[in-house]
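Each of the two complexes below includes subunit A, the first together with subunit B, the second together with subunit C.
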Partner chain A sequence: MFNWLYQIGEGMQMYSRDMFKHLCGMDVTCSAFIGTPYATYLAIGLGAITLGVLALHYYVLDSPSFNRYYHWWLMALIMAILNFAVAYGILHASIHPGGYCKDLHITNSGAIGVALFNVLTGLIVSIVLTWIPPLRRLSTNNTYTTFIPLN
Partner chain B sequence: MNKYNAGLTFIILFLFSCGHSFQDDALEAASDGKITKAEMAELVTSIQGENDPAQQQLFYTNGKIDTAKVADYLVGLFKTQELKVHRTDIWPAPTTAKSNLAPFNFNIFLENSGSMDGYVAGSTRFKDAVYSLLGNISNTFNGKLNLNYINSKITFSQPNADANGIREFIQNLTPATFKAKGGVRESSDIRDLLHQVIDKTDNGNVSILISDFVFSPGKKVNAHNYLVNQSIGIKIELAEKLKTYSLAIEVIQMNSQFNGKYFDLNNTPIPINGDRPYYVWFIGNQAQLVAIRNSGIIDNIKTGVEHNLIFCAQPAPLNEPFKILYSGKNGDFQLAGGTTGDISEPVPADGTSGDFAFEVATNNSGDIRGLDFYDDMNNYTHDGNYQIAVSRIGDTSDVITKGYTHRIHFSTKSLRKQNLTVLTRMTMPGWVLACTSDDDRQIKGDSAQMKKTFGLQFLLQGVYDAFYVAPHNNIVSQLKINIK
Partner chain C sequence: MKKLYIFAVGGTGSRVLKAFTMLIAAGIKAENGQTFQVVPIIIDPHSGNLDFQQTNRLLENYMAIATDIGVDNGFFGTAISTLRDLNPAASRLPSTFTYGLKKVLGAQFKEYIGYRGMNEANQGLAEVLFSGDTVDKRNKPINLLDIEMDIGFIGNPNIGSVVLNQFKDSQEFKEFASSFTDQDRVFVISSIFGGTGAAGFPIIVKNIRNAMMNSDIDGRGYLRRAKIGALTVLPYFNIAPDPKSPIQKSVFIAKTKAALSYYETNMHGSVDIMYYISDELNGKAYKNDPGNGGQKNDAHFVELAAALSIFDYMGIRDDQFSSENGQVLRPVYKEFGVKEKTADMRFVHLEDQTRDKIRTSLAQLVLFNKYLQKELRNTMDKQPFSIDAPKINAALTDQPFYNTHLTEFLEGFMRWLREMSDNKKAFSPFLPEAELNAIIPENPAKTPWYWFSKFKYAHINSLLNAHSKKGNYSSERQKLVHLFYHATKDTLRKFYKINS
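Up next is the complex of A and B:
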C-alpha cells in the first residue's frame, strides 16, 4: 500500500532496489511479494510518530513558553530521533538470517538509508503541515510557530 | 475531540488492516505445530482475488487455488523459520501419486555368439554384473523374469526364473554352454538381433539385450559399407517400431575380463586376454525405462557402469519448470510477472556498459535422460548474445531452489530487449567416438584398441537417426525468457 513512498527513496538512491523489494514484502523463498509488508509498517510508524509529535507540540503542550521557531526544531529533532530509531529497529530486526529472501543483497547500511529516508520524510511532512495556517490555528499558542520565524 | 479520536482510531485500524501478509498469517497459524483445514481455508481466502502473477504461479493450477501447492509452499516457509511443521501436519494430507504403469515382465536376451565366449570363461566381472542385475530386477520388480540366449534366433529360454533359476543360469554361463545352446555363433548380425528383441518388446515386456555389439562384416566384405548398411538398417528397424510404440532405449557400457577368441572385421579369430567393453541395452517404453532407472537397479549393478546413453522420442520439446532467481545477478531487473514471467526493466551493472547477468533455476528431474544430460554444456544451444554456465544445484535444503535441479547463469556485455531461447539438444556423447574402432585387426597387444568396440558409432548413429527426426530433430527441451 505504501510501496510508492519507498520507491521514492530507492529512486533517490538512499537504499538499494533489493532493499526496496524487501520493504515490499518479498517472501523468504524469494517467490512473490507475500512476505511481511515492511513498507506498510514503516509508513504507519512514520505517520504515527510525525503526527504524534506535532499533536503533542501544537495541541497537548500548546504552551506560550514553547512556541518559538527553535522550539519547532527541537521537536523536529525529537521526531527525527524517534523516526530513525523505530524504522531502523524494525528493519534491523527483519534482516536476521532466515528472516528475508537471502538472494536479495540487504545490508545494515541499507537499513540506515531507509531510516534516514523516514527522518527526511517526517521532516518534510512536518514542514508542510505546520505551514498550513488552518492547522496551526487549531492551536491556541502555536498559531505562528513554524520551522522558520514568521516575523 | 471525540471526532478527532474517532478519526484517528479509524485511520490506525485501517492502516494496520493493510499490514497483514500471507507469510505472517501462515506463521501465526503454524504456531500450534499444524495447519488445520480451517486455517488453510483462511489462508486460501487471503490469497483469493489476488491478481499478482507471482502468486498465481505459486498457488494456482488451471485458474484455481491448489491447496497442495499452498501446503508445499508452507513446508518451505516453515523450514526457513525452523518450525517443526512437516508436510503431514498440514491439511490437506499429502497424496501419493498412483502409478499408471502397467505391470511388466523382463525378457533378458544374452547373446551367445562365439565372440561372447571370452566374457564367460572362468570367473569374470561380466558374470558378476549379469548376476547382480538379475538379482536387482528380481528383488525390485514383481513381473516375470524370462532368461534367453539369442544369436540368429532364440536358442534357449528359461521362463519365469526364480532365485534358484537365476543362480543356475549364472552358473551355466560358460563357453561350453554357449556352444551347446547352438544357433549361428560364427557371426553377429546386429540388425537382426535388434529386430528379434524389439519384436518381443511391448507395454507388458521390457527387453534387456546383453552383447559385445561387435559387428562381423566377414571376409571379402567392404567393412565401411557394411557398417553404413547396418546403421541404416537399424534406423529403419527402430523407426518402424517408433511409429506405433513409445520406444525408449538405454545403453550402458561396462567392461569385464575377456579371455577367448576375438573375431575381427574379417571374422579372423584372435586370441586375447584382457579387459573388454560390453553393453547392456534396456528396451521398453519411456515409462518403463523411467521406472527402471528410478528403481536404482542400474546404479546398483555390482561392477559399476562406465557410460550410459538414453534414446527416447518425444512429440515436442520439453518445457521444464524454471524460476528466475534474485541471486547471481549483475545489474538489476524486475519480475513483474513473477519468477517464471518476463524480465522487465533490466538495468546493466553500472548503468551504461551493457554488462548484465541473471540466473535461472530449472527442474529437469522429470526427464528420462537424467540430470547428467543437463550437466553437459555441450548439450546446450542459445542466443549468441549471452554466455551461459550451468551447474547442478547440490543443496536440496535451500527453500529458494527447492525442487530445482540446475542453475543456469546468463551473462552478456550487450544488454538489449530480446526473446532469449535456450535449447538442449541430444547429441552423441564424446565417449561413443572415443570407444569406436574402425579397424580392429591389430587388437592383440594394442591396449587402446582393447577398450574400443568395432563399429560402435555406426550402431548408435543408426539408433540416434531413428529417434531424432524432424520437425524437432534433436531438441530435448526449451527455455524461453523474454527480456523487455
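Up next is the complex of A and C:
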C-alpha cells in the first residue's frame, strides 16, 4: 500500500533498488512480492510516530511554556530519533541471512538509508501539517508554534 | 440607561467614593442586574485635600478607560460620566467631577457673608451664631468668622451649611436637575462628625425635595419625588491629640449626637434608604492636620464597607420605593456588620454575603495588576493571546490608555489596598508582593499533584490563550481588559478554589 512512498526514497538514492524490493515484500524464494510488507509496516510506524509526537506536543502537552519554535525543533528531534530507531529496528531484524531473498543485495547501510528516509519524511510531514493554521488552531497554546517563528 | 447621581461631600465622601470606584473597577455590580450610569459629584471646598485630588484623578482615569473600551468587559463595568458629559452640547460646566464652590478660594467666612456691610445688630447676630475659635492655614488661632474656607470648614457645620447653600443656585444643580428623570436616583455620601459632610447632606436633600420652590431649574417634579439614598458615616477613625487643633476626637461623638438629633427631626421622611456605618475610635491615630495640607487619611475598611451601601441601594427595585408629595412613605434604615470583629480583618471575618460580593472581583484586579507588573512583557509576542489580532504588544503599553490611565488606576488600587492593610483596623486579605500562589493567604493557589508543577504564570497564560481564541475584540485595549477579566476569574476558580 505504501510502496509508492519508498519508491521516492529509492529514487533519491537513499537506498538501493534491492532494498526497495525487500520493502515491497519480495519473499525468501524470490518468486513474488508475497513476503512481509515492510513498506506498509514502516509507513504505519512512521505515521504513528509522527502524528503521535505532533498530537502530544499540540494537543496533550499543549503548554504555554513549551510553545516556541525551538520547542518544535526539540519535538522534531525526538520524533526523528523515534522514527530512525523504529525503522532501523524493523529492518535490521529482517535482514539476517536467510531472512530475505538471496538474490537481493541488502546491506546494513541500506537499512540506515531507509531509517533516514523515514526521518526525512516525518520531518516534512510535520512541517506541512504544522504550517497549516487550522490544525494549529485546534491547540490552545500552540496556535503559532511551527518550525519557524511566526511573529 | 438609568442614572445614579452620587454626591460625595467632604473628605469622607471622597474616600468612600474612591472605594466605590475601586469596587466598580473590579467589576462588582448591583444585585438584581440593575445597571446605572453613575454621575459622581464631589463637593468639597478644600480642593487641596489629597483625598479629594486622588479621588478626582481616579475617576478621570476610570472614565478614560471605560469610555475607550466600553462597559461590557467585566473590569470597569459601570459607566460613569460627568454632569457635562450628560449633555455636552448644552452644558456650561467643565468636564470635571467636582462641584466648584464659588467665593471660597482665599476668602474668609466673614467676607463670604458680607460681615463688613452688615449693620451693628446683624454683625452681633453673626458673632453669636459663629462664635468660637479655629485655626488658619498656618495653624494660627483665629476667630471662627475669620476662617479661610478653601481649607474646608474644619469641623464647623454651621459655617458649611451657609456656604454650601449656594449649591441650589449653581450651574451644577441646574444641569443636574435638567438631566434628572423619573428613572434616576440620588445617593449622598457624607460624614456626620466633621464640617462639610454634616452640613452638605441635609442641604443637598433639602434642595432636591424642595425643588418645586426653585423656579430656576427644570425637572422640579422629578426631583421632588426623586429616589434618594444616603450614607452617613459616623466616627470611625482615631486622630492624634493636638491641643492647638480645632479637630478633636473628643468632640466627634458630641457632634455626631447633635447631627443625629437634627436628622431625626428634619430628615426623617426625606430619604428613602438611609445607611449608617461606624467603627471604634481606638485604632491607628491619623495625623491631626486641619491646615493647608488637609486631612489625608489612609484608606480604611469602613470606607469599603460604606461603598457597598451604594451597590445595595442600586439593587433595590423601583417598586420598593414609595413617596407622596416629596415625602417618603416607608423610609428604610440600614447598618453594616461583620461576622467577627478583629484588628486584622480578612475575608473570613466578613459575613458571607459581603465576602461573596467582593472577594472574587478584588482578587481578580489584584491578579490582573500582578500579571501586568511581572509577566506581561515576558509574554508579549510569544503567547497566542498576545499575537492574536488585535495584538497585545509594546505598541499597546506605549499608549496613554495603558501607561497613564490603566497604570495610574491600578497603582491607586494597590495603594488603596496597602493603606487598608496598614490601617488599624486593618483589612488585609491580600499579599500582593508575595509569590503568585500566595497572594491570597486564605486561599493559596494549588495545582493537582499529578501536574508535577506548582502554580505559575504559565497557567494563567494558558487561560488567556483559551479565552483569546473565543473572543472578538474591537481594540487591543478592550481585548486586554476583557481577556484578563475572564482569565483571572477562571484562575481563581481553578487554582485558588474561589468560586464566589
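Criterion: the second predicted complex is superposed on the first by the 151 of 151 C-alpha atoms of A that agree within 3 Å, B and C clash if a C-alpha of one lies under 4 Å from a C-alpha of the other, contacts with A are read in each partner's own complex, and residues count from 1 in each chain.
As a working rule, contacts are C-beta pairs under 8 Å (C-beta built on N, C-alpha and C of every residue); 3 or more make two chains touch, one makes a residue touch a chain.
Small disclaimer: the values here were computed from a predicted structure and weren't measured.
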Contacts of A:35 with subunit B and subunit C, given as first, second, both or neither: first
Contacts of A:129 with subunit B and subunit C, given as first, second, both or neither: neither
Subunit B versus subunit C as contact partner of A:95, first or second or both or neither: neither
Touched partner set for A:5, first subunit B, second subunit C, both or neither: neither
First (subunit B), second (subunit C), both or neither touched by A:65: second
First, second, both or neither for A:137, with subunit B first and subunit C second: second
Touch count on subunit A, higher of subunit B and subunit C: B
Subunit B and subunit C footprints on subunit A, overlapping residues: none
Residues of subunit A that touch subunit C when the two form their complex: 62-65, 67-68, 137, 140-144, 150-151
Subunit B residues within the subunit A interface of the complex: 12, 15-16, 18-19, 21-24, 52, 54-55, 57-58, 73, 76-77, 80-82, 323, 325-327, 332, 338-339, 399-400, 402
Complex contact set, residues of subunit C against subunit A: 381-384, 387-388, 458, 461-462, 465-466, 469
For the subunit A and subunit B complex, residues of the former touching the latter: 1, 17-18, 21, 25-37, 40-41, 43-44, 47-48, 98, 101-104
